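Can you keep this structure in mind? I'll have questions shortly.
Per-chain residue numbering starts at 1, and chain names A, B, C and D are given in the order in which the chains are listed.
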Amino acid sequence: MGKLYEQLIRDYRIKEGLKACINCGTCTAICPAAEFYKYNPKNIVNIVQSQDDAQIEELLKGEQIWYCGECMSCVTRCPRRNAPGLVVMALRSLSIDLGYFVESEKGRQMLPLTRRMQSNILNYGYCVYPRTFLYKDHPEYGLTGKWVIENMEDVYERLGANLDGKGPGILRKIPDESLAELKAIFDETGATRRMEIIEEASKLKAKEMGIPYDEYERKAFEDTEKDHLNH
Amino acid sequence: MIFQGKQKIWSDYQKEIPDDHWFYVRSCIRQGFFPGSEVAFLDICRNKLGKDFFETEHHTTCGGIAYHAEALPQETMMTIIARQFALMGEHGYKNYVCSCITSFGLYTEVLEDWRTFPDLEDKIREHLWKSCRRELTKPEYLAHASDIIYKFRNEIAAKAKHRLVNKFTGEPLRVVEHIGCHYSKMFPSKGVGGAEYPYVLAGMIDSWGGEVIDYPERRHCCGFGFRQYLVKANRGYSMSNTHKKFESMEPYKPDMIITNCPGCPYFMDRWQYVIAEQTGKTYGENGYGIPVFTYEEVAGLVLGYDPWDLGLQMHQVAVEPLLDKMGVKYNKKDKYKGSGGKILKIPEFPMNIKCC
Amino acid sequence: MKRNVLIIGGGPAGMEAARRIRDYGHTPILIEKESRLGGHLAKWHKLFPEGESTEELLTSLTADMEGINYFTDTNIVSINKLKNLYVAIFSNGISVQADAILFATGFSMFPAEKKEEYGYGIYNHVITNADLEHFFNTGKDPRIKEPKVIGFVHCVGSRDEKAGNRQCSKVCCATALKQACEMKELYPDATIYCFYMDLRMFGRKYEDLYLNAQRKYGILFVRGRVSEVSEDIDGRLVVKAEDTLVGKPIRITMDLLVLMAGMSPCVENPKIASMTGVHIGEDGFFMPRDLLYRSVESHSKGIFFAGAATGPKTIPETLNEARAAAMAIDHYFKQKA
Amino acid sequence: MIDFGYSLTPSSTIEIDDADMSLFDELCAVEPDAIKCMSCGSCAASCTAGVFTDLNLRKVLLGLQRGCEEDVLPQLKSCMLCGKCHIVCPRGINTRHLILSICKIYNI
């Protein structure tokens, strides 16, 4: 048993999600990612259960594990009660913890992703928050979306929301003491550490790639240079 | 298709949904994109049905979207959830209902995980105490908000001002139902109707007079995929999955789509717009799209709410053709007004998909 | 001294054992819950590996029933042990004293509707292997309408922990190929696919069946478990699997899908076990004293097994086990005397 | 038009319904053994050219059977017709002959 495998099976999601795979392909058949990406959940589960560290390391440093959409459609159908989606989540966590995620284009997306998600939660208490949901990043929000952004206070007030207001209600200002609790949870349970790991590894990678850090983040968010598609 | 076969499966997956006294938690995405839906939900439950739904301003995101984007470790997500449960207990509630499907899936999963691995629950209790000085109380009942509307679907039907019937033809409206993946795909027994033929929305459609459309990609994900949408470079995935669903439902000529997930109605609405702008293809009649609704919006229309109070002006795909079919009256001029009738600049219209 | 042997189950195992037990000079009393003898076999049309006729086999099995008491439409109400005897009461009111009991209870067909994603009982053109045999026998099934594309799904409810059936049902691979070839004979223009995980062609002539299916009948094979079936607007079936040997998802639209429902433990096993104290394995089949050397003996004195009661078996295996059980019972009586 | 920065992705699903099987049928008429393959992989394992190139006869045959000839036919250009695959094939398929027929019928 390899060291990476040993680390992996400490994750509760592996305990829950990996029994014994028989390579039947039920998961791949209906996987939304397998249809469009060079991705096959069956192969990933098979590599993990092989306990072969060389191959697991390749996964952790590669693109594949980042293709899953975590819709968990695979879980419903697996005849062996495996959860390929959970196995992928464990692999992603380990890839981040070991700093391997920067070795793949999709893995490098962790920088913009974690920054945006964590700052939304810590500053506002929401994962997605209208004031940080920018039209330039989300042109698909559409022309009505643009209109909502441009008339934010009026539109939300019209619909009975409590945007940044006191007391309960839609998009209320979550009280500072509750936000402080979230921060304490982040510090206690490893979310703060995760952000640090991602920043440190990304900074080094940006240097290695010879690009400024903000350009590194922009590229990670917007650009695709590799061929990820399963033609 | 043999209807009785489905009925048999539905009867195997009926879950117990208590009648009253719920601790209500909101959804990040729905608050932003469908504020009218959450307003309508509470108004229906509290004022139309006379039930007790409590909300505290101290509740927060469950962290689910961030967790599924790997921006949070599992223990962080679990501790945030433990804090939400603790708030419920502190306010004396036992029934927990959430507006978000991602949350519902995670709450279910977390409770199952804690049952399987009691050491993990102990660890999370400790985290919660250390960081928030709160005690975990686990809910006795967990429901998604659509379960509640499902439970009271016949009461709503009894008060209906409009039904899901085409008033021009007298025929039932053809309704596609789309269930959020995390509603029951992980734990089929936790969802009304199970995972393969969920009944939670189909039951509402049946009660309110519509005809449920079953099409080949019914069970397929809308394509949100968390990071696959949140990161711009990945959005082709998200859009392609929605595209796949629309190509599959197109021959059935659906009048409308009803969903119970936060992201799905947003994606199925917006990707229709992007697909139209990029390829020229539209899926509705006469160059319109197929309007996509939350279940609260549909319940609201059935109960006679004003469409602009429900927030239907925030959709990109025009809802007016459907309102006309249902016989819902609306004032065109009021659509894009602000609070108190304040005149706002009207949004631009897309090139390839008809809007009103 | 003549002794009574109660045989529970009138399928091939029970019928064959009854005659052998009679030939050893004992008195077999056979009960069958259905209205005719023959078990699942009586519902089948032809058998693998070479298309042997079920009717002929049944005729051989029933040809010589002299001296065998049998009751159809009869269930066991209770079994009680009295010293060296078992007293059994039947649902028809008759009670017997038996010196030994043979469990030839066979199997229950896996209820294919439990695999909800395949839509048996929901989609109009999804049938089971048993339905297809019924069609071969009667020529009637409204779900089969000049199919152009036909699929066979192996392992439906077999090797499936989620469906509560972990074991391989042993006979479905060969049955699927037999049925696929028969369909090709009926519908020569049809394209026929078999979706399999492993083709378990373990017996004599089985590999020939496979070769014939490929070479003579042009049956196409996809290695992958069907994941989802749905109905399109024309009422045709959309079948999704992964072609695991290519490594890509595959989608085929079909006119008929045949689910190879596997063998589940007989649903009455727990009831019968509780009356007699015989052991049931975690898979739900009866547990013999061991799986190699004493496979027809139970842990309870005077109780024996034959056939699929102890796990999926082919017809010749079942018949041989019935003979072995008859011999073991005779041996048991001789020892007792 | 708005530049969204992303677009629809082509599907990788093998769509048998749309596949044109006429050339494969033609192949089976002259090489009835083509369909006897049971995908054991002996040919690919013993293939001399396969060590250096992506040639994999098992995959080629399967690709033809699924109507994906464009994806697999280029592989055959690496074949040196050494015939080792013929020796090892447990189904006794005359693979050399088969490969030549494929080249002829699919015009490569």
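As a working rule, a contact is a pair of C-beta atoms (placed from the backbone, for glycine too) under 8 Å apart; a residue touches a chain by one contact, two chains touch by 3 or more.
Since the structure is predicted, the reported quantities are computational estimates derived from the model, not experimental observations.
Within the contact network of the assembly, the step distance from subunit C to subunit D comes to 1.
More inter-chain C-beta contacts link the pair A-B than the other of A-B and A-C. With centres set at the average Cα position, the gap from subunit A to subunit B is 22 Å. With centres set at the average Cα position, the gap from subunit B to subunit D is 46 Å. Centre-to-centre spacing of subunit B and subunit C amounts to 46 Å, using the average Cα coordinate of each chain.
Those residues of subunit C in touch with two or more other chains are numbered 117, 223, 228, 243, 248-250. Taken residue by residue, subunit A touches two or more other chains at 30, 34-36, 76, 140, 222, 230, whereas all remaining positions touch fewer. Shown for subunit B are the residues in touch with two or more other chains, namely 195-196, 219, 232-237, 239-240, 244, 274. Contact topology of the protein chains: fully connected, every pair of chains touching.
Contact residues on subunit D toward subunit C in their complex (touch as defined above): 12-17, 28, 32-33, 35-36, 38-39, 58-59, 62-63, 65-66, 68, 91.
By the touch rule above, subunit C contacts subunit D in their complex via residues 199, 210-211, 214-215, 218, 220-221, 223, 243, 245-246, 248-253.
Across the complex, subunit A meets subunit D through its residues 34-36, 139-140, 222, 229-231. For subunit C in complex with subunit A, the touching residues are 117, 155, 159-163, 197, 223-228, 240-244, 247-250. Within the complex, the subunit D residues that touch subunit B are 1-2, 4-9, 11.
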